[in-house]
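Below you'll find a set of structures to go through.
Note that chain A is present in both complexes that follow, paired respectively with chain B and with chain C.
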Partner chain A sequence: MKARRADRLCLVLLFVLMIATTAASIRFGAIDFSSHDMATAVSGKLAGSNDLTLEQRIFIQLRVPRAILCLLVGACLGVGGTLMQALFRNPIVEPGLVGTSSGAAFGAALFYVFGALLKVNLGGWTLPVAACAGGVLSTYLVFALAHTKHEGRSSILRLLLTGLAINALFMSGIGFLSYVARDPQARSIIYWNLGTLSGADWNSVLVVGAATVFGLVPAVAYAKPLNALLIGEEEAVALGVNVGRLKWIVLTINVLMVAVATAFTGVISFVGLIVPHILRILRGPDNRFLILGSALLGGTLLSVADLIARVSLRPAELPIGIVTAVVGVPVFLSLLRSREYLS
Partner chain B sequence: MIRTQKIFTLVFLTCLLTGCGRFYSHQAAAGGSQRIVCIGQAYNEMIYALGAQANLVGVDYSSTYPPEIKNVPTVGYHRALSAEGILSLKPTLIIHDNNIGPDNVVRQLQALNVPMKTFQAKGDSIDGEKALLREMGTFFHKEQRAEELCAKIDHDMAAAAETVKKYKNAPRVAVVHFGRASNVYLIIGNGGGGDASTAGKMVEMAGGKMAIEKHGMQQMTSPEIIAESNPQVILMTEYGFDRLGSAEQAKTLPGVAETDAGKKDRIYRVSEHELMYFGPDTGENILKLSKLIHQ
Partner chain C sequence: MLSASGLEFCASGRALIDGVTATFDPGRLHLIVGPNGAGKSTLVKLLTRLLRPHSGMVEYDGSDISSWSERQLARRRAVLSQAVEVAFSMPVRELVMMGRYPHFGARPGAGDLHICEEVMRFFEVEVMADRDYGTLSGGEKQRVQFARVLAQIWRPIEGSARYLFLDEPLTFLDIRHQIDFMNKVRSFASHPDVVVVGVVHDLSLAARFSDRLLLLHEGRILADGSPAEVLREEYLRTAFQVCPVLLTNPDTGEQHVVFESAELDVGP
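Moving on, here comes the complex of A and B:
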């Protein structure tokens, strides 16, 4: 009981940290807004005014949605990582493992190279739709290939290895597309694989927000069965957990969150791997805590990374994939050294 | 409470009034108080040649010529732009050559009604280049300077044609261009579109012949193709050449040492802006190029 209370306190602290980072993320960037600027922009927008200044429109249409998208994408990746590590009971698993991010990257690469030939044009939605479809398709492929009639001890391991194989296949597909691409297309593919939040708008916030909610709620609900799985697959069965069903549900939640988030931002590596570990080092393996905590910490970490990406070279901007590791690794390594986590 | 509200309203109205004047000067011709962000290396070189750089407040990462341009803030790589970064320079106009991205950032800029301009003329030939210079000259009110530059191009091109006539042979030339994004080098073939064909046109005007007739460029090429095409001269753009360090080092690239150019040490460094796109100095550059490849 005491542990649960400490967990709750930790969640509150993480929430406060997230709010503080978001405040900084909204305020600073290529342009620094004063609290006055921000207040006038918001009050002007709320009053339904149509002639906001350019600065005010930058704040409302670019800065705020970007800060929110950071939180949502970070939450998706963090929760995805926690779910995958819990399901596979393996610490080196990250959310893209079952093929989702390499499939999404392949979809995006296809769009960059052959998008001009498409008959259907969805405007700004074409790239996210292509990426999301790639992510879902590749994950489905992994599911289908790993599925056998003999559910049991080996089924999760088989899924893991199938995921690795399909990842390799899609990565080679991306390599091939970059090879046949003209130089500007090839560079677009490279930049997409480094991720960026510069394209954030209110539409992407709505879509990723919906994915976050529809993923997070069931994820929290399945925290207890996932805890049972911690002891072992057979032990969980003995405790009355339908492991087969749990596996499909958790994987579906993961695909929903990771494919949709990746579709709007490109591949952002490392967040999903590192966030659950940091929390586990701090508070232990209880998934009830880890799932909510990784949503908060994932968002915080991505906000900090995005802030650095925006201000370090201004007015130019770094791809966020470069920054996430630079921010996350020192935190991770120092925690790893200071605690007897793995023993 | 009411007081705070009043202050907000006051500040808001002030912003509104000052803001309008600054940001809504649509499609104005470039005049005194314009703040221009120009994304495109060829455009930027011409802006400097025309002497119209006073209002330039931002350029892209690839715009590195003339050297003075390095004092202008860069908004990053032209296919990985950020709307906020560009807008932080408070541009009244963004000039670009339609080769900008990512698409969603371009849409963001459009949604914010930031005036954008692309010039009609395509500088993809000598005539196209002159048309572009004149169009830009009119836009920046530098008509006279544009005419001077066009006259210079005509003069230099005539001189180049005279020089080329003197040479009996047309050496086979291969152009090696390093991609900055990925660590591979690219061989430019004759034909294709955009800057792919530009290098080929330049080499031909300089009295050379492209060793690789294949269409298109900017793809990795098998070392065997390079060796088989056996160019007598290899031109290497500066970024790749400087990274290798010397012509001797360039010979270590697979396939290069076996060529006539490699055996006779005829591997030369050229600047990207001299070879990859037409510019105000193109005539002069072709003259230089013809001497270089016929040495």
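Moving on, here comes the complex of A and C:
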């Protein structure tokens, strides 16, 4: 079909765009690298050389993993947003809706305030583990509270409202913790809630990479039943979709991707909301296209935002959450106005 | 053949369906009528397994559907409900193709594409195939939805009947489109392997198009038979609590039901 070929072309273009932004993102930053610097750093590392210069080590150990982490986290948030909007059949939904990101933020806040008292020390892993556990537990809490014996038409709506309520609760918990915390901790909590990729290393790339793969593969496999859900829960059942099972699978994929991504970067708002909308404005609501497209565009957008965060105040950095909103909102608003979308 | 036996369904402690037993034969058009709250939609949902009964059983071709897989069921039965809300709009062609979802894996085959073209022609929506669903009028939307639903069971299935359910499909159609729609349903119902069960509000329309009528009242079947057998004054009084006037068109012999404006005095 013609439409499918255009979708494929669009995915190829998104992929090219993603590669181009990644190239820019590894090149520029607090220090700019020439292509020659980059080539010698990579070939030196590959040759197993131990006497890399400081600049070369910065490139290999900080710059490259950070660029890759950007792609992975952006993909997780973009796909999470697409899945949630399809599942809730609602355009204002973002991936953190079912309590995942506010729970993760609460877990991180607990770590900042009480982390020093912990008997178990996981080193650099303590914060991500605390955040991820917070995200998973709060999502589980939302599921448990929203679950009733009568699974009917309203079950998804109940989940959505329970998510809103639990989010409000965790936000007030975070507010309380940052209020009682002393200054460096209080600032850390606020900073974490705006997101940053400055902690990126190869370990975080591996973990978020695994979450991306294990989330994206089943998400693509469930694109067709999610399409059926576009015309309603009952209609999807009539079309042979096991909606109850679909709901749990999709929510599990979303928690995996969003909790793990958020654990390493803090709360990055807006990417998960706008990426699916931008793609839907361009190509319509077919989830078979949207899921792959949002992985590519989410990564691209986050790379651009991170590049801006790194170079605009260099050598200092902006929190990335500020950039995603400042850059994303105008693009999003102009697209909304230019098309007959949501009509 | 579709058979329901001893169906019961309650919600919030109230019996919505209270012991319904009926069989529905292929090649005939069955319409369910009754007042608001009689349990018409609930009955259709039980017959299609969109709801599961608290007791009783629904059988398609003599086989209990409670253990069928979602997909197995979706290849044999299709359901048109009264208003389908599409969360994010899409081209008409893609919406109609959704009817083929139970029949293909990742990608539609040539046969699926062909069936979509055929149903779109049947419902005269092929001219709007590439238009956005959100830009259509209410009547056009309903025709597109019906095309989607029929695409699901357009081709006969070996060794099995096909089941079509219509839950108040006429709600958003004007009178010309109501008649047109019912004619299309009739022509589809004339296939010897097709069982059609529908819910409609308009008794005159029901009388004119159905082979068999079921009058539902308080979750039970009050009357069941040909339109002439069911549309009788005493049944209609009991079910609708108003005084019916039964008229026959002298030219065509068609039956019409109108109601007196006075409310029936049902006593203390």
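Criterion: the second predicted complex is superposed on the first by the 343 of 343 C-alpha atoms of A that agree within 3 Å, B and C clash if a C-alpha of one lies under 4 Å from a C-alpha of the other, contacts with A are read in each partner's own complex, and residues count from 1 in each chain.
Assume contacts are C-beta pairs under 8 Å (C-beta built on N, C-alpha and C of every residue); 3 or more make two chains touch, one makes a residue touch a chain.
As the structure is a prediction and not an experimental result, all values here were calculated from the model.
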item: Fit-or-clash call for chain B and chain C when the two complexes are aligned on chain A; value: fit
item: Chain B versus chain C as contact partner of A:E235, first or second or both or neither; value: second
item: Partner chain in contact with A:A6 - chain B first, chain C second, else both or neither; value: neither
item: Touching partner for A:R182 - first (chain B), second (chain C), both, neither; value: first
item: First (chain B), second (chain C), both or neither touched by A:V329; value: neither
item: Which superposed partner A:L313 touches (first chain B, second chain C, both, neither); value: first
item: First (chain B), second (chain C), both or neither touched by A:T40; value: first
item: First (chain B), second (chain C), both or neither touched by A:Q61; value: first
item: Angle, in degrees and to the nearest 10, that opens at chain A between the C-alpha centres of chain B and chain C; value: 150
item: Of chain B and chain C, the chain that contacts the larger number of chain A residues; value: B
item: Closest approach of chain C to chain B (Cα atoms, Å); value: 40
item: Residues of chain A that touch chain B when the two form their complex; value: 29-31, 36-37, 39-40, 43-44, 51-58, 61-63, 124, 127, 178-180, 182-184, 186-188, 190-191, 196, 198-199, 201, 310, 313-317, 319
item: Chain C partner contacts - residues on chain A that touch it in the complex; value: 1, 3, 85-86, 89-91, 224, 227-232, 234-235, 237-242, 280, 284-286, 340, 343
item: Chain B to chain A touching residues, read off their complex; value: 8, 11-12, 15-16, 18-20, 22-23, 58, 61, 73-77, 79-90, 99, 101-105, 107-108, 111-112, 114, 179, 181-182, 186, 216-220
item: Residues of chain C that touch chain A when the two form their complex; value: 48, 50, 70-75, 77-79, 81, 84-91, 94-95, 98-99, 101-102, 106, 113, 132, 134-135, 152
